[in-house]
Amino acid sequence: MDLSAISPELMVASLMVASTPLLLAALGELVVEKAGVLNLGVEGMMITGAICGFAIAVESGSPVLGFGAAALGGAALSMVFGALVLGLLSNQVATGLALTLFGLGLSSLVGQSYVGIKPPSTPRLDLGPLSDLPFFGRAFFSHDWMVYASLALTVAVWWVLNRTRTGLTLRAIGENHDAAHALGLKVLGYRLAAIAFGGAMAGLGGAYLSLVRVPQWTEGMTAGAGWIALAIVVFASWRAGRILIGAYLFGGLTVLQLNLQAAGVALPVEYLSMSPYLVTILVLVVMSRRKGRSTAAPASLGKPFHAQA
Amino acid sequence: MIALEKRAQPSRVWAWATPLLAVILTLVAGGLMFAVLGKDPVAALRTIFYDPLFDAQFASYSRPQLLVKAAPLILIATGLALGFRAGIWNIGAEGQYIIGALCGAGAGLALYPSDSPLIFPMMVLAGALGGWLWAMIPAILKTRFHTNEILVSLLLVYVAENLLASMAVGTLRNPDGGGFPGSRNLSQWPAAANPELIPGTGAHWGVVAAIIAVIFAYILLQKHLLGFHIRLAGQSPRAARFAGVVPERLVIFCLGLSGALAGLAGIFEATGPAGQISIDFNVGYGFTAIIVAFLGRLHPIGIVLAGLLMALTYIGGELASFMLGIPIAAIQAFQGMLLFFLLAVDVLTNYRIRLGRREVRA
Amino acid sequence: MTTPLLQIEGVTKAYPGVIANNNVSLTIGRGEVHALLGENGAGKSTLVKMLFGLVTPDAGQMVLDDAPYTPASPEAAREAGVGMVFQHFSLFDALDVAENVALGMSDPPPRRDLAQRIREVSEDYGLPLDPAQIVGDLSAGERQRVEIVRCLLGKPRLLIMDEPTSVLTPQEVDLLFDTLRTLRGEGTSILYISHKLEEIRALCDHATILRHGEVVGQCVPAEESAGRLAELMVGRRLDPPTRPRSAPGAVALEIRDLSLPPPHAFGTALRQVSFSVTSGEVVGIGGVAGNGQDELLSALSGERLSAPGTVTLDGTDLSRKGPEPRRLAGLLAAPEERLGHAAAPDMSLSENTIVSAAGRQGLARRGLIDWGAAKDFAEGIIARFDVRTPGPGTTARALSGGNLQKYVIGREILQDPRVLVVNQPTWGVDAAAAATIRQALLDLAAKGAAVIVISQDLDELMEVSDRFAALTEGRLSPFRPTEGLTVSEIGLMLGGAHDMEAAHAH
């Protein structure tokens, strides 16, 4: 075992890369759940985004187009979910699961001809002198633009949720959709928009996996990232700032685990590979023990809404 | 204007008709999907749904496969459906299936090469126990700490898969296997084998277990107070508390039972059709069983029919892949679509759809 | 006075199977407090929803200020100058007062200005409120203030109030009426919806009476007797329940120092509740909703367990026993929420007998349910309590509120309880069903059972109970004999003098 082979600055750098897909997907799901909808299809939307982004990026040679397609693909799939749970009042848990099962099948179907191909590389964002700083340059300022976009999106989501009329309306709908309806707020419209946003974000997260993090297409490559994103929302007690902490914590864990594998720690690979899932469970337990108003889920989360005329 | 209007009573007709309607819609959409893939949709659907049962060339092989594939699906789905009825969402049956197989196989292999007739029953018990224990993790976390059982049971699937990988290349690896991953072949060790009981039918002990489970679940739900409490807790949790149901006990019971049944399915598979513990002996029955449970409307009899249908898509899918070059993944997407359509048309059971202005009735 | 503010002419609204409003017409003048009077299910809510843009009428027209008024949404209604205070509050527990107010405004000012304006309005109208407080922590009266302030900030010309006093103590009612009179003085019209006759006589200038969706009378309430109004509203005379007196018996149920933490973040803790009930007696526990009524019922029914020795039935300690053993011992309960608590909405009436009668009525033996016996028992309830339904196979949610309430109360009464606890037994129930239920409770007591009635409806408690106590913030006042108790005395018991001072000091 050689722990000195682990370079701190590279670890921080790869932590940011590993965390970005989780951050994107979890931010999207946060908005969905704040609106009172539980979409368990994050995994399915992520992997759909992963293959949509990959395919379009390969075909067009442009990662930007790839990410755009991923967002569209994730959003399109989420609209199926939206139509079912909002329009046809289907069970949210079952429909979310269906979304995941369908997304996994669809993506591997579409991905048949993309196995083993390298995608065009996503360019590094030129941050000028910042990138040349010792340690910090390599750790924080040498990433592709998507890493910074995800951080900007975190701030944006926080701002919209807590500082704007739109965010207040969204939160109100998630708290009590009947009262919101009685006040004339457009419950279904807001929820549909939130679901679409969640789908797009999950799609982006998936594409980040296939275009940057890995980067190639393999079947089932999300490997539970969507579910971890769902857990991060619980961990974060439905707050945008803590989503960032949660995503970076889990990203860090993955990176640490991979580094330990590479360093040849005397633990079988399988046990290291399962550690992120075990830690996720552990964190869920700790978070769900803490009961209080500030950590409570939106009160209407997962409940169907049928406007009584 | 289209409006949904809640029915005073759920429609009995639609309760039966919606699964059929969903199947028909899925066939249409699936046909379109095959057409997009450049395959003849009629030939594809025929290969998947007709040939495995009736084609002279394939039926002799395929028909027994129907029970082989349906048994684990029905066994797992029956357990899941009880939980789903109570609003307890075990979606980690795949993990319980794997751990059941590992525990059962491990218990048996520890005594290799004994030829005691107790080996197989003991392995079956160990399998059920393994699945039960794995399901007790989300159950206890939920009852003690209110941890979401959906996330925990699902995350444990990944843990189980890693354990399986570790076992298949490590502890349970066949010492006489020349270093290849995978355990000894259990189906060729008579004391541990789960053979075909009636030649040509595919019926092994797992089929027997599935039939017993279905009958048990039917009586439980229709006649027994516990089954009533399960339904009550799912529909109105407060009414269930008022009736005297202790929600924690229901969680332990439902998760435990579905885990044990998934574990049973796992050990029957490992000792029978799969024959050994290998790194990929599991083929996703635990997830497909979720579709089976819903397609069967969480009703034991419905689950039998849904399990057979879903087994057919597996067999037909393999055939279509072999004959027409349709990717196996298409079948997975097809199964997902089926669940979508089912959830979509389910609205007809509880709601009436009205077009245009509402009629005035006195 | 010039033209009236609002004219409603021939408005009709039908739902499948029922005409909620049939050719309804009424006129509200400027600066007038107009009462809309009617029973539950008479069509008051539908009419109000049309005024507030939540429902579109099938026929008829509305004219506001000489212009046709057809609000397509609550937002449009607000812009036209119509504000509404809901019966079931349209508030968001987890948000603060300012956020709640902002959500009900079409174009709210920035947060700091809004907080300032909330303080101004609440001072002007005697409605003390702190804009930064979380709404879930407020009392029912304070929550109503949030709704009123929200409306007043929109400077409405017409304020609709749907059953505003049902959640208030008598003192709070007086405060509310002061506010409403101030508003009237400023020229604001008020549409006041209620079924409480004395209030309407005290406050309103005109009244329109609805029955079965139709206008059955218009009057000046101060000139009519309460009895006459009641007859118009109900359509026939209702006899007050008769109460055969019986000599007080032995103590049946004894509650001693019952304390429980709140069941959830916005629940109420029970604090050292002590009382006892004897055979043949009806005791009433009054109080404004949200002061621990649900919590008390859960503690008595066995849904929540309490410390040993706190709940004793005929000398047997039941504190650590769940609902089923308590039922077997003779302690039965009927919760407030009919759908989802007392009964499962999607289950049939037969199935719903199993919820509470499986053990005591022997409907399940060794775990196996006797569906035939369940059906017979359901038919018995239907026959004995005149439940209007096609049969025991009907789902619970298909029944009207009054019929389902008769069913769930009947289900407990027919099990011959030693002690029966009921919470809001006639809430949202039509007058005929309410009379049936009250009479059945009195008859049960006459046969020797002890009955505990928890209710917000003080008239009801005065009518049925022998002794009365008030439940306030989870504390129970000492019981006093009902006979001779005055409204102001009850008010003091309910509010507690110090609580009222606290409310003013905000």
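All chains are identified by letter, namely A, B and C, in their written order; residue positions are counted from 1 within each chain.
Operating definition for what follows: a contact is a pair of C-beta atoms (placed from the backbone, for glycine too) under 8 Å apart; a residue touches a chain by one contact, two chains touch by 3 or more.
Owing to the predicted nature of the structure, the values given are computational and were not obtained by experimental measurement.
A.B. asks: Note the connected groups of chains, using the touch definition above, after excluding subunit A.
C.D. replies: Once subunit A is set aside, the chains that still touch form a single connected piece.
A.B. asks: Once you count every C-beta pair in contact for both, which comes out on top, B-C or A-B?
C.D. replies: More contacting C-beta pairs are found at A-B.
A.B. asks: Based only on mean CA positions, could you tell me how far subunit A sits from subunit C in angstrom?
C.D. replies: Those two chain centres are 45 Å apart.
A.B. asks: With chain centres defined as C-alpha means, what is the inter-centre distance between subunit B and subunit C in Å?
C.D. replies: Those two chain centres are 47 Å apart.
A.B. asks: Nearest whole angstrom, what separates the Cα centre of subunit A from the Cα centre of subunit B?
C.D. replies: Between these chains, centre-to-centre, one finds 28 Å.
A.B. asks: Residue numbers in subunit A touching 2 or more other chains?
C.D. replies: 291
A.B. asks: Can you list the residues of subunit C that touch 2 or more other chains?
C.D. replies: 15
A.B. asks: For subunit B, jot down the residues that touch at least 2 other chains.
C.D. replies: Residues of subunit B touching two or more partner chains: there are none.
A.B. asks: Using the touch rule from the top, collect the residues of subunit C that touch subunit A in their complex.
C.D. replies: It is residues 15, 53-55, 73-75, 77-78, 86, 89-95, 99, 102-104, 108, 134, 136, 265 of subunit C that touch subunit A.
A.B. asks: Sort out for me which residues of subunit B touch subunit A in the complex.
C.D. replies: So the residues of subunit B touching subunit A come out as 4, 6, 37, 84, 89, 91, 137, 141, 145-148, 150-152, 154-159, 162-163, 165-166, 170, 287, 290-291, 294, 327, 329-337, 339-340, 343-344, 346-347, 350-351.
A.B. asks: Mind pulling up the subunit B residues that touch subunit C in the complex?
C.D. replies: Subunit B reaches subunit C through residues 5, 8-10, 223-226, 228, 231-232, 235-236, 238-239, 241-244, 246, 358-362.
A.B. asks: Would you pull the subunit A residues touching subunit C in the complex into a rising list?
C.D. replies: It comes out as residues 165, 168-169, 171-172, 175-176, 178-180, 182-185, 291-293, 296, 298-299, 309.
A.B. asks: In the complex, go through subunit C and note every residue touching subunit B.
C.D. replies: For this pair, the touching residues of subunit C are 14-19, 58, 301-303, 322-324, 327, 333, 335, 337, 340-347, 351, 354-356, 358, 364, 367-369, 394-395, 397-398.
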